[in-house]
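Across the two complexes that follow, chain A remains constant while its partner is chain B and subsequently chain C.
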Partner chain A sequence: MSKLTKITLGIVVILLIIFPLFSNAYTVQVAITTITYSMLGLAFAFSMRVGLPRMDIAAWWGVGGYTTAILMKDGMSFWLTALIGGLIAVIIGAIVFSIAIPRGMMAFFIFCMVLSMAFYQIYGTVKFFGGWSGIVNVPVPTIGAFEFIAKRDIYYMGLFFLVLNGVVYYLLYNSKIGRAWNAIGSGLKLARSLGIDVVKYRMANVLIGNFFIAVAGSYFVGYYRAAFPSIFSFAAGLNVMVYLIVGGFSYSLAGPILGALIATFVPEYLRVKAEYQVIFTSAIVILILMFLPFGVIGWVDQKVRPWLSSQKWYSRATKSA
Partner chain B sequence: MALLELKDVCKTFGKLEAVCNLDFDVKKGEIHSLIGPNGAGKTTVFNLITGTYPLTNGKIVFNGDDITRLQPHQTAQKGIGRSFQGTFLFMHQSVLDNLMIGFHMSCGAGVLKEFLHTPGARKVDDECRKKALEIIEFMGLGTLKNELAGNLPHGHQRALGVSIALACAPTLLMLDEPVTGMNPTETVEMVERIKKIRDTGITIILIEHTMRVVMNVSDRITVLSYGKKIAEGLPEDIRNNQEVIEAYLGREEK
Partner chain C sequence: MSVSLFFQLLVNGLMAGGMYTLVASGLTLTLGVMKIFNFAQGNFYMLGAFLTFAVSVSLGLPYPVALLAALVSIALLGVLFYWGIIHWTMYQGFFSTMLITVFFSTIISQVSLLTFAEQEKAIPAVVPGSLVIGEVSISWGKLLVIACAIVIMIVLYYFMKTKIGTAMNAAAENRDVSRLQGINTTRIFWVTMAVGCGLSGIGGAVIAPVMGANLAMGSNVFMRALLVLMVGGMGSMSGALIAGFLVGIVESFAFQFIGSLNMIAILGCVGILCFFRPGGLLGQPLPVPGE
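Moving on to the complex of A and B:
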């Protein structure tokens, strides 16, 4: 990471930390949902790295959400439910994906869509999950005597999860396993010829994603204090694609976060009515694909980088620290 | 001593017999060329050896192990490296990064250590980079190490393909038309490199159309036509073999 990247990151983190001090409760609430969607978006970009567009994110989001809802009503600590939810998502994932992943991208794609719809039906029809009205009055997450009720506190909890998620993904991307994933994503045949077990590496990628998607579900229920099927619908899982397109599909970490930020805040502040949300989001996606095909970050990169490279201070600041 | 043996190997795609009753062996330390007109089944043989295509019939033994049923990543792990006929590279990554992926099997700390970015892992990473640079220099791509693979001219892309295969530290290196698209100077340099690679102890199977190269560099030559072996032996024998000449109808590229 260059000096400039480190400084920019530092500034962003500071802004994120002081943000609630300057905002009203409503804005912080929008930020909370943005954080949840960011984590889902990060997971989508994560599996895209190995050439697998995953349409099943809502299913595992629900696994985490319902695990937290059910176990917390039974008196378990929120943090433990999040861990358990993550592990359940990994275990179930290991079983179901052993069928789908060896069969390639298309089979996986369709399998995930079916999975998402199936889980939605299970959440709605099985009594254990509370049926279509779901589970309400989930207790407040606590650490000792401290209760996460205030929006600001829930925001900071979310920031913790988001940063954890981002750091783990970043470390993975810049390691041997990340290089193998890149190889799988850019050239399957070539990757195999270099001894990379594509099925094993794809499985690892998808299962790691499962864990963090479930944690995002636990976080959301910790905030919302209710879980019902319509939250974890297939359509909700589709939105993650939007974040990546808006942010920029080649930016696996910054892309989904910025995309989620734009796609969540813009409709809120333009006071787009609930009925028109989908049309509005679709319009954004079409405009982005037409005018900024590499996303917002891609556009900034292309416009700003050539000018920056000609500046002396920039080349000094971007030397690897 | 045979490093690689194909026994009675057959591959059919539906009704098409791509390769038939092929007995083929490669001795340790030799440069063995596989030639024949287009469509003879040479690349199919490579794909059968690596496990990209499953065999219809027959057996393949490498270094004493039966590798008939192994998948491509497993044959690679056994020590068989290959370059490809089409240019298969990681186009959006630099030459150096392409090599680093090639070191997946042979260089690198464990997965956990790399994830945690321990100082030990970083040291190993630096060593891998050094090895990568050695290979890049050896293949004549030294000045291009940070160039994106997709931006390279065709001849250099071919050389990069061979470099990546070399990074696997293979026992057997299978080169599929490595000099196609190279000018005469580059071809001569590549031939020298192939000989040097053999001198480091790596056995080489070469598919090539350029007869000048094949005759120059091979220890033995096997000729395929319509999936069947029609001749095998020393370069002098093949050059004057009537059946081979007929199969090619005098096809000499340069």
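Moving on to the complex of A and C:
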């Protein structure tokens, strides 16, 4: 990381920490949703690294969410249920993906869509999951005697999870396995010719992603204190992509987070009517895909940065920093 | 099970299967020729049904006119979609174009939610009464739907044998080489888009007199079309035909015995099938750029 990146990162983290102290409950609530979606977006970008667009985010999100909801109603601690939910997602994923991943990207893509719909149907129709009306009155997450009931506390818990996700992904991307993933993403045949076991590495990637998606599900249920099928529907999984597109595909860490910030808060402050908001967002996303195919960060990287460095005041300022 | 019930279930299954076949063959056509996964296919199906309502009930025109109107206007919408958006983004590859269709379909469903509201539109039956053989009684409307689906598939089969259909196959096989052979691939693409979307539109128009028009029908049929693609194989027309009817019949019979758990059972069967035959019943695994 360059010095400038470190400074920017520090400022962003400080802003994220002090932000709820200056804003009202509603904004914090929007921020909590943003955090959840950022986590899902990170996992999505994670699997895009190995060239697998996964459409099954909602399914594993639901696995985590329902595990937490069911086990917490039996009196288990929230943190334990998050861990168990993650592990269950990994175990089911290992079985299911051993069918899909060796068949290549296209089969995986369709398989995931069907999987997402299947999980939605299972949540809705099987009695154990509470049917279409779902499970309500989930207990409040606690640490010792401290209860995560205020919006602000839940926000900090989410921030903890988000930073944890970010750090783990960062370390993974910069390790040996991360370089192998990069190789697979940039050229499958090339990676194979270098002796990389594509199926094994893809499997590892998707399963790690599964764990974090399920943890995000647990967090969301911890905040929402209810779990029903429509939260975890296929369409909800598609929403995740909005953030990734706005941020930029090729930026696996900053893309989803910045994209989520822009895509939730900009429509919120433009005061678009609720029923037109979906149309508005979708249209913006299509325009971004047409005119800024590398997302907002990509645009900054490719157009704004070169323009800035041609300005005298900017190069002077960065030199002194 | 009585004979009457058996035939009822069979006809219901064939009727649903015919619709799945139409939507899935449109999907598989665009996927094969253009390498685009059109998420809006289900929405076009729904729009076809609503257009039929608008033409045959609100305007009071005869049903065949409504059928033609649905086919033409949805095909035109597909062409507009191609020239407005897809044409300019195709170079970005499979994933970006797929996302564009996802958000286009979101726009369509939201706009139709605001326009039509959440109410069911009923369209009067084209052929009233039912066919009675002994104790078996089947409504003519359902039989008409099955017949229409089969006729449309036959027309599609002969369309693919014409010069432009052959050119489509060539473009599906290899885009660059077909361009070298003097095929105007851009024209092939918008014609493919028109045919693919038109198939969905006419599907919605055909089913409308029996099932009515509602907002959920698009996503329902799209989900089944995905299953059909998995069973029949991607990029295979005959696969879509066989698998479409198969999924329809299995769904109809399974509903009789296990109720609303039938979708889970079907999804499980499809998963197992994928394990043994990853390319589907007839298709080959579709080559993807970069794989």
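Keep in mind that, in the parts below, the second predicted complex is superposed on the first by the 299 of 321 C-alpha atoms of A that agree within 3 Å, B and C clash if a C-alpha of one lies under 4 Å from a C-alpha of the other, contacts with A are read in each partner's own complex, and residues count from 1 in each chain.
Convention: contacts are C-beta pairs under 8 Å (C-beta built on N, C-alpha and C of every residue); 3 or more make two chains touch, one makes a residue touch a chain.
Just so you know, these numbers come straight off a predicted model, no measurement behind them.
S.K.: Per the contact definition in the header, classify A:M241: touching chain B only (first), chain C only (second), both, or neither.
M.R.: second
S.K.: Looking at A:G187, would you say it contacts chain B, chain C, both, or neither? Reply first, second, both or neither.
M.R.: Both partners.
S.K.: A:T8 contacts which: chain B (first), chain C (second), both, neither?
M.R.: A:T8 contacts neither chain B nor chain C.
S.K.: State whether A:S133 touches chain B only (first), chain C only (second), both chains, or neither.
M.R.: In the superposition, A:S133 touches no partner, neither chain B nor chain C.
S.K.: In the three-chain superposition, say which chain, chain B or chain C, touches more residues of chain A.
M.R.: Partner with more touched residues of chain A: C.
S.K.: Once chain A of both complexes is superposed, is A:K176 in touch with chain B (first), chain C (second), both, or neither?
M.R.: It touches chain B, and chain C stays clear.
S.K.: Could you say whether A:M106 touches chain B, chain C, both of them, or neither, answering first, second, both or neither?
M.R.: second
S.K.: Do any residues of chain A touch both chain B and chain C, and if so, which are they?
M.R.: Correct list for chain A: 187.
S.K.: Using the touch definition up top, name the residues of chain A that touch chain B in the complex.
M.R.: Those in contact with chain B are residues 171-172, 174-177, 179-180, 182-183, 186-187, 189-198.
S.K.: Please name which positions on chain C make contact with chain A in the complex.
M.R.: 37, 85, 88-89, 92, 95-96, 98-100, 102-104, 106-107, 110-111, 114, 223, 226-227, 229-230, 234, 260-261, 263-264, 267-268, 270-271, 274-275, 278, 285-286, 288, 290-291
S.K.: Mind pulling up the chain A residues that touch chain C in the complex?
M.R.: Going by the criterion above, the answer is residues 51, 53, 96, 99-100, 103-107, 109-111, 113-114, 117-118, 121-122, 125, 187-188, 235, 238, 241-242, 245, 275, 278-279, 282-283, 285-286, 289-290, 293.
S.K.: Could you pull out which chain B residues touch chain A in their complex?
M.R.: For chain B paired with chain A, touching residues are 50, 52, 71-73, 76-77, 81-82, 84, 88-93, 97, 100-102, 104-105, 108-109, 111, 114-117, 121, 164-165, 167-168.
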